[in-house]
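Below you will find the structure I want to go over with you.
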C-alpha cells in the first residue's frame, strides 16, 4: 500500500477536483489544513479548482498580521499556488459583497462568479472537497 | 491539591450557578457533558439553575431513541435531576415556539420564560456555564 | 444525475441549509442528517423555506437521526423522503457526486 | 455592573451574535473575539444591526483578532472600542460576570 | 461501487465519526467496496488506543478496529494532522523522539497523498465533519 | 482578582486554546491570580505530550507547560472527558490497563469537582470554546 500515487501521477486518470473553502482563517484550522491538501494535491497533476465562498473569502484577505494572536500567518502561501499550477481560483460575488469586500482586498487574482455560476461550476466537478 | 471540595461542601459559600444549554443532543457532545457537570455540581449544594434555549430545548425532547445511531440515549437522566435537588429548570418560550414545540413535548416539568425574563434571570447569577 | 448535497447543521443556528439550497441546481438532491434533520418538520419557522425548496429538489432526511432526537416521522413535511443508512448509501451512488456542506 | 457577553462566531454563518444581543440587558457589554470580530466593520450586511445595538450596549472588539484577519481598525464601526488582550482582562474584571456565547 | 470516506472530526465531540461508521457499515452490507477511510483534522483522534469511554456507551475506536479486521478496511490517519494532535505510531514516535505511541490496531499513518489517491480511485468520496 | 479559565476545545482545530493562552498571559501581567485552568470536552487534548506541530508554528501544549512552570499554574484535565478521548497520566494508565501514558508536563488529571470549585472560589470564570 505504500505510495501508489507515484504511478498515478504518470498513468492515472485526471479528475476534476474542487476545493470549496467556506470558513474564516484562524478561528478554526480548516482554512490552513485545506491549503495543505491543495499543495499536496498539486503533485498529482489533477484538474484543480479552488473556490472561496461564505466566510472562506476572508482566507485570502490582504494584510493579515497574526503576531499578536501568536498563530502562524499562512496567507502568503496562497500567492505560491500559481507556482504549483493551481490557477483556477474563484470567489463568489455575493459572499464578497455581503462582507463589504472587493477583489482589491484579496492577496491573489481571482475570477468572480455569482451564486448560479458557482452552482453550475460545482456540477461540472468529479470530486468536491469542502472544508 | 487533592479533593479540596470536600470541605467546601460543608463550609464554602453558596453561589448562584447557571447552566445554559444551547445545543441539540447527539450532533455534538456538549449536551451530554454539560449534564455530567450538573450532576457532579449537585454534590456541592450550590444554588443551581438550568436553562434550555435555542437548540438546547431539543435536549429534553421526549421519545428519544438512539438505537439506530449507535449512541447512548442520555435523556432519561434529565428526569433524575429532581433527585439531586436540581429543580430550577427554565425553557425559553421563543426557542420552543420557533421549533414548533410545547412543554408537552418535554421529558421534565419546566418553567417557561420569555426572552426578556431570561435575560434578567441571567443577570441575577454569579457564575454562568454556557455549553 | 446532478449531485447530492448533505446538510448536517441545525437550520436554527447556522446558515448551512440556506447555502446548500442556493447552490443546488434544479434536480439536485438534498439529504438532511445529524442536526440537519431539525429542518424536516412541520410547524417550525424554517418549514416554509423547506417546502418551497421541494419545487426544485428532492429532499431526504435520515430516519435514525430523527428517532435519536425524539422527533416524529409523522411530523415530517409532506414530500420529504425518510431514508435509513442503507438509503443514504443508495443516494450517494445514485447521484453523480456528493457535496457535504459542513 | 451588568455582565459582559463574549461572541466568537462569525455573524454571517451563525446566529450567535443575534442571540447574545437579544439576551443582553441595557448596559451590558458585548465583546467580539475570534471570528466574532467580522461583525465590527462598516459596509457589511450586519453593520446596521451592530449600530442599532450601540443604543443599549457598549460594544468592544479584540484588536489582535482584527489584525490577524487582515481587517482594518479604520473600518471599525464608529462607537465600537478596540481592545487588546489586556483590555479583554480589564473588561472581565470591570463587568460583574462573563457569559461566553459559544 | 468503490467508495471512500473522509472523517474530519474526533470521536464523541461531534457525531461525524458515528455517522461515518454507520454509513460504512451500510455500504459494506450493500456489497460496495470501501477503498479507504481517511482521517484528517481532528479526525485523527479516532485512532488512539488510549481512550476508555464509559462502559454503557459505544467505543468508536474499537468499532473502527473491528470493522477493519472483518472487512480488511484501509484506515489511514493523515501524518501532518496527527503530528499536530499527538497521534503516533511506533515509527513516528522514534522519528520524533517520543517515549511511546498511541495508535490503535487497524489504523496506519500516511501522507495526504492517500486522500487525493482516494479521490482519484473511488467512484464517490463522502465527507463527515463539523 | 482571582480568575479561572475553562478551555473546551482541543488545540489548533479551534482558536479557543490560543485565545485562552493570550488571555491568561495578559491577566498574569496585570497581576491577577489564576486560580485554575480547567480543560473539558476536547479541551483535554491540550494536555498531550505526543504532539509535534510544525517548527514554524506555535506549540500550544508547550506554551501551557511553560506558563505553568513560570507562574505555578494549576492546569487540570477533566478525568471523564480525558478517558473518552485518550489522555492518560501514569495512574490512569495503570488503572485502565493501558501500556503507556501521554500527559504533558505541568498538567494533572482530576474530577469535574475541580471546575465547580473554580466557579465557587474565583471572582470570574471565563470560558473559551467553539
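All chains are identified by letter, namely A, B, C, D, E and F, in their written order; residue positions are counted from 1 within each chain.
Following the convention adopted for this analysis, contacts are C-beta pairs under 8 Å (C-beta built on N, C-alpha and C of every residue); 3 or more make two chains touch, one makes a residue touch a chain.
Since the structure is predicted, the reported quantities are computational estimates derived from the model, not experimental observations.
Asker: Spelling it out: a chain qualifies if it touches subunit A and also touches subunit E; which chains qualify?
Answerer: Intersection of subunit A and subunit E contact lists gives C, F.
Asker: Spelling it out: a chain qualifies if it touches subunit B and also touches subunit E; which chains qualify?
Answerer: C, F
Asker: Quick one: which chain's Cα centre is the longest way from subunit E's?
Answerer: D
Asker: Please give the pair of chains with the highest number of C-beta contact pairs.
Answerer: Top-ranked chain pair by contacting C-beta pairs: E-F.
Asker: With chain centres set to the mean of the C-alpha atoms, which chain is at the far end from subunit C?
Answerer: F
Asker: Take the average of all CA coordinates in subunit B, do the same for subunit F, and state the distance between these two points in whole angstrom.
Answerer: Comparing mean C-alpha positions, subunit F is 24 Å from subunit B.
Asker: With chain centres defined as C-alpha means, what is the inter-centre distance between subunit A and subunit C in Å?
Answerer: From the centre of subunit A to the centre of subunit C is 26 Å.
Asker: On a C-alpha centroid basis, what's the spacing between subunit A and subunit B, in Å?
Answerer: Centres of subunit A and subunit B (C-alpha means) sit 41 Å apart.
Asker: Please output the residue numbers of subunit B that touch at least 2 other chains, ranges allowed.
Answerer: 26-29, 54, 68-69, 71, 127, 130-131
Asker: Could you list the positions in subunit E whose residues touch two or more of the other chains?
Answerer: 12-13, 15, 19, 22, 41, 54, 80, 125, 127, 130
Asker: In subunit C, what residues contact two or more other chains?
Answerer: Answer for subunit C, listing residues that touch two or more other chains: 8, 12-13, 15, 34-35, 64, 84-85, 97-98, 100, 102.
Asker: Got a list of which chains touch which?
Answerer: Listed in label order, the chain pairs in contact are A-C, A-D, A-E, A-F, B-C, B-D, B-E, B-F, C-D, C-E, D-F, E-F.
Asker: Which residues of subunit C touch subunit D once you look at their complex with the stated criterion?
Answerer: Residue positions touching the partner: 12-16.
Asker: Using the touch definition from the top, list the residues of subunit A that touch subunit F in their complex.
Answerer: Interface residues on the subunit A side: 26-29, 68-72.
Asker: What residues on subunit B touch subunit C, complex-wise?
Answerer: Against subunit C, the touching part of subunit B is residues 24-28, 54-55, 58, 61-69, 71, 73, 75, 98-100, 105.
Asker: Which positions of subunit E touch subunit C when the two form their complex?
Answerer: 1, 3, 8, 15-16, 19, 22-23, 25-27, 29-30, 32, 123-130
Asker: Which stretch or stretches of subunit B touch subunit D in the complex?
Answerer: Touching subunit D from subunit B are residues 20, 22, 53-54, 115, 118-120, 122-123, 125-128, 130-131.
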